[in-house]
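The letters A, B, C and D name the chains in turn, as written, and every chain counts its residues from 1.
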């Protein structure tokens, strides 16, 4: 087999982006689609020329000509399709966060043990070449031992009114930087303190600021603002500084790599994560799918997207959210 | 009188910079110098052509031909000269932090009440045109109501081994951003949480990360790293983002305004705070001294460098340091 | 005398900025105003509380209580007031370009020889601390010998419809960078080639691109765009790279030092040249006036704003304009 | 067939990078290697596990199990292998510049007419997502009509002592920006003027500055410096501004996207063109090879890497070099 036949479960905006990306990966074949919304299912089937469409993921999983699935359902609806797909022997590309509770994450990880397919969790930022090259520099000792980190991951207000009724910015976005910080330090997080503020009175607060302590004493801050104003140039204002005993790494924002001043505004579009050219997505998301496909086809266990790493990032961000709710510093992993 | 005759008390590296700045301000006359170190006193007297030199500030204060003093002694030695100068009827330019304890700050403020001279505390960042223009934009409503802030103020390791045995980065430097945040929001800080880490095992930790909550619920993080490595381009890596309900302001770092690549390194020197040309300092420090001189000569009460503002910034940073020591969130101003 | 009483001749937008700057310089007194437009004269007299107002600069120059003048008339109306002021023994601050022809520049320089007052030409960019610090680095050998330079000085279209009927972008703005390049290299320019393009069909083209050859063989390009679109963040998009045999200096743009995202756009206001706070201008323009006042009061010949330097910059930019008109490479100073 | 078996001809530093990239493209198989240097051939064969190695490209081309070749010989040795490969029915990926003379370019293009394989010229910058997205914005009218452009493409001195004895910076590197400008404007270049300067007295000058005029009157400058000093942070200092009647696009440099401050220097490595992770290259070079493979496998004529476009860029840069040699403005395409 040199092509992986993949079905996408969950066809919201990001499920569609998955599809637009999969069609650009030579050893992937977009073979099936699944959503409970019939109109959306028909539209996506037509758009991508995919004949196999399902309202129930169990029907898709029963098809022996499907080798793999990508799961883009809401974060609190991951357990069902992920466990079923693993039981059905499929390779699983599961969007982050791995689940909405630490218990659910464990259930999914449990199901992956002994499964015939691989379980890969989509922590895409590890496929951003800037972070990946930073990791290489850290691993070769260029900055000594990490003592402090700070990050930002801010997005426009226009993108978030719907999502903020489902997930907040700390678990939704700071989880990326949490995962990267765990990767860079190779350490555990021992405590979390966070503050949030609600700007638009949606279900979750618009802004989160988080502080972690790592087991070596290293300290970190993380900023996630989900309400940047209309005229912000940024699609993502993304930065990280990693301070070591011998050096510093600055992963800067994607701005001002490309600034387009039109009659409307200055816009600095994302060119890194899933840039679209002629209807096909490239960037880090394609690299992530390629990595997944290559591991699955070669029968190799991935060293990126590792489920236990994803669970650790989830645990830390959930602790930060608890801190924001209670006003207390939350200790992690001490019971 | 259209020139203010000023004496400088404390002639460490920053006292010397004060002198280099004063000589460039038309309505200031550098008239006297004071330090307990005889060699330094002689050297500075010769460098600046100042005949009146004193080992004891009381002798300087007794001179009726001195109108004003700038006080650059260590932060825990402010009370003596500041109170004495105010009692002697001199105008006082007092370096930040106003004092090393809230009590000492109150003693100094008490002494200023009814004094003939003005008391001005050197919170220089308010004279950085970028922050000052940001304040104008905030006051004219351009970004709505402030809901979150984040700042950085990092300096090279080579600058700090001595100072870190006297003061830490939060009270020493985050106090600048604390003052600016208080100025921008017009609010009080109600709690502080901070984490520090010691890299070089000096008396104070090299790195501080601080989180504040403001009375409106606005949240803020502040980073202060006093151990940037040798090859960092920055003299000061200084940034602030101010997130409002209607807009955002980014006060960026001074880099890369001027980058000088020599055979040694890429260096981005400070051109804002006290750039030196032909032995004379300009920039924000000169603007600050001009403001002080103009107020003193005109008999006007300053609206910048206000001692009670300085005391509020001190209180918040001391609370942050207490938080870092104890691991607790510290409530402010509730007793 | 420790204050220079100065009158401003020409009260267009920049004459007004001169006034707003002069009132913030302690050893300058804004003592008189002159314009042929009666309404403007009355309005400016009222705004600045200046009683001495003149329709004819000769009347101002006849006043023995005026020590100095700043001349802000259009560039082709410099000779009259400049020569008359020098003959009247006044110190002269003359805006750039020194004149509209090389002959006129020579006439003015001739008049300054043996004059009682100093003649200073307002090449403000030499007072931008970034260029000034770059000059220091060059003079101390940090980048070796200069072999190439490139610059940009672009401004918004909204600022230029009127001015473009009086002067073009090469003589109007590239003259700044020309002067700086002459200052940095210490060389003469031997040839100029330029291309322009007219976007809005005004009297002068909106855009100029210029290339110089210096006598050592060093090569330079200069970009001046006077039609940046409405949503550009820049007040001035200003940059220069200076490439030496041993190093490089990058003088970057003023963006993104301060970025203000309001409901309208992202704006990066100028904080360097003439920032205004409470009705008074600071920045490089104030430094320039301070330098002028200090030289005049001390009876020292300025080493900045030197008229022959200004004439050399004028000659090079006029040659570039001739090149753009004719399509030929223009040799300079060879006859 | 769903995999293209490709051989690489020319195994200098860039031939090796081609190999490192090809092995990461699923529908390419690195099947053969060719160089006249036996040691290098053996080493590369061993490194990539490729059994088919050739000293003479004709032997490689005789192999029916080779579907395609990439040609990385020196630019003046393109005609031989390119024409032979096309005659042998292979698909050809030819590095830029297409050839070293306009006549050679025509010979190669002639050979491609009626050939069974496609001829693709490796103008990689079109696969940089920032330029590609800029092209999209231009095509959708976001900036109106292009009236001026300026570009920079500067690299460190340490990279260039060998190459500067083979090719100069204008044909070697400004050809990238020339191709992009031709792509963005959709116009022809009608004249070129250029100045060069030799810093290290190698065969070709280290620095080139070029000015083009386009048929619509649009004007452009291009800077190429091949001698940036050791401590420059840049791998490539790459920028372009595209000024339109309704907007502007700024394609900024790759710095400071990732800045690594180690004990040696601040380094901003390229993360865009061919970043290497675990021995495999990604970035624009992989995208370029994927595009080539997809076109070849699908039997589609490429719309990127079009040989006549490559010839037009070559002609303009050769005209610029002639201008630099003669001091004259060179007209293009007028007979």
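Keep in mind that, in the parts below, a residue touches a chain if its C-beta (ideal position, glycine included) is under 8 Å from a C-beta of that chain, and two chains touch if they have at least 3 such contacts.
The structure displayed is predicted, hence computed values, not measured ones.
J.: For chain C and chain D, what is the smallest step count along a path of chains that touch one another?
T.: 1
J.: Roughly how big is the turn, in degrees to the nearest 5, that lines up chain A with chain D by CA atoms?
T.: Going from chain A to chain D via C-alpha fit gives 180 degrees.
J.: Could you work out how far the Cα centre of chain B sits from that of chain C, in whole Å?
T.: For chain B versus chain C, the centre distance works out to 34 Å.
J.: Approximately how many whole Å separate the CA-defined centres of chain B and chain D?
T.: So the centroids are 53 Å from each other.
J.: Considering chain A alone, which of its residues make contact with at least two other chains?
T.: 143, 228-229, 231-232, 246-248, 256, 261-263
J.: In graph terms, nodes being chains and edges touches, is this line, ring, star, complete or other?
T.: Graph shape here is complete: every pair of chains touches.
J.: So in the complex, the part of chain C that touches chain A is made up of which residues?
T.: Spelled out, the residues of chain C in touch with chain A are 228-233, 256, 261-266.
J.: Could you list, by residue number, the parts of chain D that touch chain A in their complex?
T.: Residue list for chain D touching chain A: 2-3, 25-27, 129-130, 132-134, 136-137, 142-143, 246-252, 254, 256-263, 269, 271-272, 275, 277, 282-283, 287, 290, 293-294.
J.: Sort out for me which residues of chain D touch chain C in the complex.
T.: Those residues of chain D that touch chain C are 143, 147-148, 150, 152, 193, 195-197, 199, 206-207, 209, 211, 213, 217-221, 223, 225, 227-229, 231-232, 243-248, 327-329.
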